[in-house]
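One structure below.
Note that the chains take the letters A, B and C in the order they are written out, and that residue 1 is the start of every chain.
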Amino acid sequence: MQDSTIENKDSVKTDVIDEAVERGLERLTPERIAGVINQVLAKETGARFKTYIDTCMRCGLCADACSFFLSNDRDPKFSPAAKVKQTLTEMLEKRGNVSKDFLKNMVRIAHTECNVCKRCSMYCPFGIDIAYMMLTVRRICHKLEITPLYIQDTVNSHSATMNQMWVKEDEWIDTLQWQEEDAREEFEDLRIPLDKDGADIMYSVIAPEPKFQAGLIYQTAVIMHAAGVNWTMPSNPGWDNSNMAMFTGDFEISGRLAKAHYEAAADLHVNRIVMGECGHAFRSVYDVGNRWAGWRMPPIELVHAIDFFHELLTTGRIKVKEKYKKSVTLHDPCNVSRGRGLHDKAREVVNLLCDNFIEMTPNKEHNFCCGAGGGVINCGPPYKTTRMINNRVKKEQLEQTGAEVLIAPCHNCHSGLEDITHHYGVDMEIKFFGDIIYEVMEKTIYQGGV
Amino acid sequence: MNDKNANGRNAWDWQTEKKQIPVKEWESQFNWVEEPHVSPDGEQVASIVNSDEAEFSICVNGDVWEDTFEKAWSLKFSPDGRLAVLAANDEEWTVCIDGTEWESRFDYIWGMTFSSDGSYLGAAIQQDGEYGVVVNDEPWESLYENMNHFTLSEQGGSAAVVQVSSMSQGDIDGFAGGLFSLAVNGEPMPQTFMNIWDPAFDSQGKHLAFTIRKNRSDYSIFQVDTAWDQTFQSAWKPAFIENDTSLVAPVRTGGKWYLYKNARPFWSNVYEQLWQIAVHQEKKSIAAIVSDSYGKWTVSQDDRPWTNHADQMITDLSFSEQGDTLCALFKTNGAWTVVANDKPWDLGADKLWKPAMDATGEIVAARFEKQGRYHLAVNGRVAPGDYDMLFDPEISPDGTKILIKSITGGIYSRQVLSVDGLI
Amino acid sequence: MNAFIDFITGPMVWISFLIFFAGVFIRVFRLAQEANSKEKFMFSYFSWKYSLRSIFAWLVPFLPASTRQSPVFWGISYLFHLLLFMVPIFLLSHIVLLEESLGWSWISLNDSIADVLTVLVILALVFFAVRRLNVPEVKFLTRSSDYLFILIVALPFLTGFLAYHQFFFYRTMVIIHILTGELMLILIPFTRFFHMFLAPISRAYTGSEFGNVRQARDW
């Protein structure tokens, strides 16, 4: 019985056709395959990789950490160590002489069956970083040019425009000016100050905000204005903090993006960068792209929206008129909880804003990924059905809370959770912290002295 | 800085000790007054002001331009003291300089840039969904599907990375085939590449060099009319040297950074990072911001790293006019300071701007902010007094005086102080 | 025969320890060397505080969530690793041998307790083998060498147990006991047994990254 369900799911998964992968595979020769694999494994990895490969005792404890494993009825192929076995171990043993079928599976596993969420590092007794291992596999896919289509197109956009959605330079500025104008309905002198040299804060977002969700910029502008913050946004590229290149193993583009972001902030001479509610973008500028560029830690203080809202609420810069009434639960985004320990502050923010908070379990550092993270959702529609199957565990978690509203302070999580609630018919409204703050805040301007 | 500018500076008022303009008063006349901008000579202070819904104008020294605009942004003084703003009426954008509008109109305009003597003003434009550049009211004849990395030469030449072929959504093979070229004064080069970044003009504005990506993994440098024969893992903006006859560029190979000259290794040291090259052609000196061990930054001048390091960031590397002083901004432990010829100042600044230097490089003056107050530092000494706001200091051509432009208590002040009193 | 026994209880012990220590030293040295040449950045994130925090957290039974999720495996595993070192080190007959040759001695386990503990070690190894055969996610990862490792660890304990009770072939058992004990020591630096040294290192690095950079716990 169990076997047959696994088989059905397998057929759904192997049926996925990704043009970029197919065409990429066609172009490959055995020499090129072995050459690239051996170059990456021999030259680009080192003591860390070797230690992880040599230390794993194949105890299988990482399995229970993985939402893919749990969502697929404990199918052993989905345990984190099994993903290493099916990809890296075989490439090492065959010295890179692997077949195209093998590569096709490898792309699927590394790109769509791992959220690089690092939860398994907390369940492995040795702390083996399997996310790093899967990113190394993706690096090989990148160099073999068999990266899935949608995410590759996103990386192309990053490289050409320095933002992830082909937003043209004028569209960006125009959107900000349009949001500014709209928001003047609420505060007649409200501004989204562009290129304000010497402001305290540069606010940065991901490209989907100007492209599809400009209302979020509006909300932020209202919050910033009411809080009396001396802030600015750059009109030139560098405004986008997102980074899909770090998830395809295109580290060179990833580093280039982080450089553009921090240079935009340095040019404006700001003290801090505050970024919108996005997790992967935080990871990209806090922990990944900066390293490639040579910045050990962010060269300019980087504050995630959760942290910033916490500051505005606890210092009285934003006052709550009336707390939010509906019952809410909180999804901890991996990249700001496991990635930055902001889960406790997130809870404080929820409690400052809402009357009725229901915890989701497991939570905080032990949260399950939304299933969209790590560039998985960015592999696009071909993989959507499998993505839903692969994160049933999140749906179960959501249902158990019984909350009316789900707060997800991350764009990726938002989209991933929207998909899950639709797919499984979970009746839950998904919101950002910004949505709730905008709804419950007093729309008066902070005068200081509090 | 060229002669025209130096002459301009000679003509500035270096005698009057103090001039004041009460800018706070403007607030009562308008709905709101945006952040002030000050002319290089300090004689004018200006802001975008709003007087009604969708009614903007520019207030200069208390006088308001006759024209009003539905929208206005990007107010800037040119190096020669003209005041320019990007402004729109009836959804048509143009540049307005000292109250006079350009004839050309566009669907959108941004990225306003000046040549360093101020005689050329360029900007990026969009018209009917196509992109290009306008310089001194003359737009490019050909426009393109998309455009990035607009740059302006000292001689008024313009260049930008343009998309010369269309790409249907998600066409990654088309993208890999090379959709981008570099257009110079509107004309695209025949070569196309997967990516082009960071075009750099030579000092005569005749030739360009830039960074290219040939395929997903191979980067190189394009020099004048051909690409270097080598490829690299990455590369940053190149710079012309030796009277524009040679080119240097930071390139990455084997995970480390090197400085190459004309496609061959040049500096012998290997760096964790190397970017933002500063060149002094007469002195034949080349400097760059480098990281010589992971997480540690310094300046390397002619391949000799300084002894002082920053653990966070270095910016604004520049030579004084005669090339005797090399200066950069260092950030360590959250605080900025100036380091000049490897000698660090003690500023502990929260915000710090690129210093002004006299021609000899003997006088270096920088403005900075610390705990919300602005200060001036000259040759490492913090001048007495603080300000609500301080603008870029200017040094007189003879190097004896400093022009300080500041706002405190809602009053703008233009002050001329003797350098001797400050150092 | 006596000469052979003298050899394996004399020089061979020294040789085994020599290979063990030299092997460990060379591997750790090479690892550090490679990290230094290719991934030097790792040292800049390393923190003693967070390394030790992580290692200690994982030494406390049932503190990490992972250990609470699989309490049976973890209970057995904690005990097994403890006994794996404790039994041979505090075994009276080992201490007697050591005292005879080097004059060193320390407190010893009561023989009947040691006997029970030895059985526990063997049972734990049986449990590991059975688990490898029956738990799908473990079975999927298991290779034949994993059973060989279990056997190599089991042999010295099993033969020691049999020799102590002198059930049969006492002499042969003692010889196999000594040889397999030495074999295990020699193999540690060159096989997956090396996790004995690598595990704290990888835990320390993960602990440093989590604590120092990401400001989160890793257990």
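We adopt the following convention: a residue touches a chain if its C-beta (ideal position, glycine included) is under 8 Å from a C-beta of that chain, and two chains touch if they have at least 3 such contacts.
As the structure is a computational prediction, the values presented were derived from the model and not from experiment.
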If you average the Cα atoms of each chain, whose average lands nearest the overall Cα average? A
Using the touch rule from the top, work out which pair, A-C or B-C, shares more C-beta pairs. A-C
I'd like the Å distance between the centres of subunit A and subunit B, where a centre is the mean of that chain's Cα atoms. 33
Need the CA-centroid distance for the pair subunit A / subunit C, whole Å please. 39
Would you kindly tell me how far, in whole Å, the mean C-alpha position of subunit C lies from that of subunit B? 62
Quick one: which residues in subunit C touch 2 or more of the other chains? 38, 41, 44
Interface hub residues of subunit B, defined as touching at least two other chains: 255, 294-295
Two or more other chains are touched by the subunit A residues 296-297
Where on subunit A is subunit C touching in the complex? 45-48, 50-52, 54-55, 57-61, 63-65, 69, 74, 76-77, 79, 81-82, 85, 121-129, 287, 291, 296-297, 337-341, 343, 362, 365-366
Residue ranges of subunit B touching subunit A (in the complex, touch as defined): 31-32, 34-35, 50, 53-54, 71, 73-74, 107-108, 110-111, 124, 126, 131, 146-148, 163, 169-173, 175-176, 179-180, 194-195, 197, 213, 216-217, 219, 233-234, 252, 254-255, 272-273, 275, 291, 294-295, 297, 311-313, 315, 331, 334, 350-353, 369
With touch defined as at the start, can you tell me which subunit C residues reach subunit B in the complex? 38, 40-41, 44
Okay, in this complex, where on subunit A does subunit B touch? 20, 23, 43-44, 142-143, 145, 149-150, 152-153, 156, 159-162, 168-170, 173-174, 177, 181, 184, 188-189, 191, 193-196, 198, 235-237, 250, 252, 255-256, 259, 262, 266, 269-271, 293-297, 299-301
Touch list for subunit C against partner subunit A, complex: 31-32, 34-35, 37-39, 41-42, 44-45, 54, 58, 64-66, 69-70, 73, 135-143, 146, 192, 194-195, 198-199, 201-203, 205-207, 209-210, 213-219
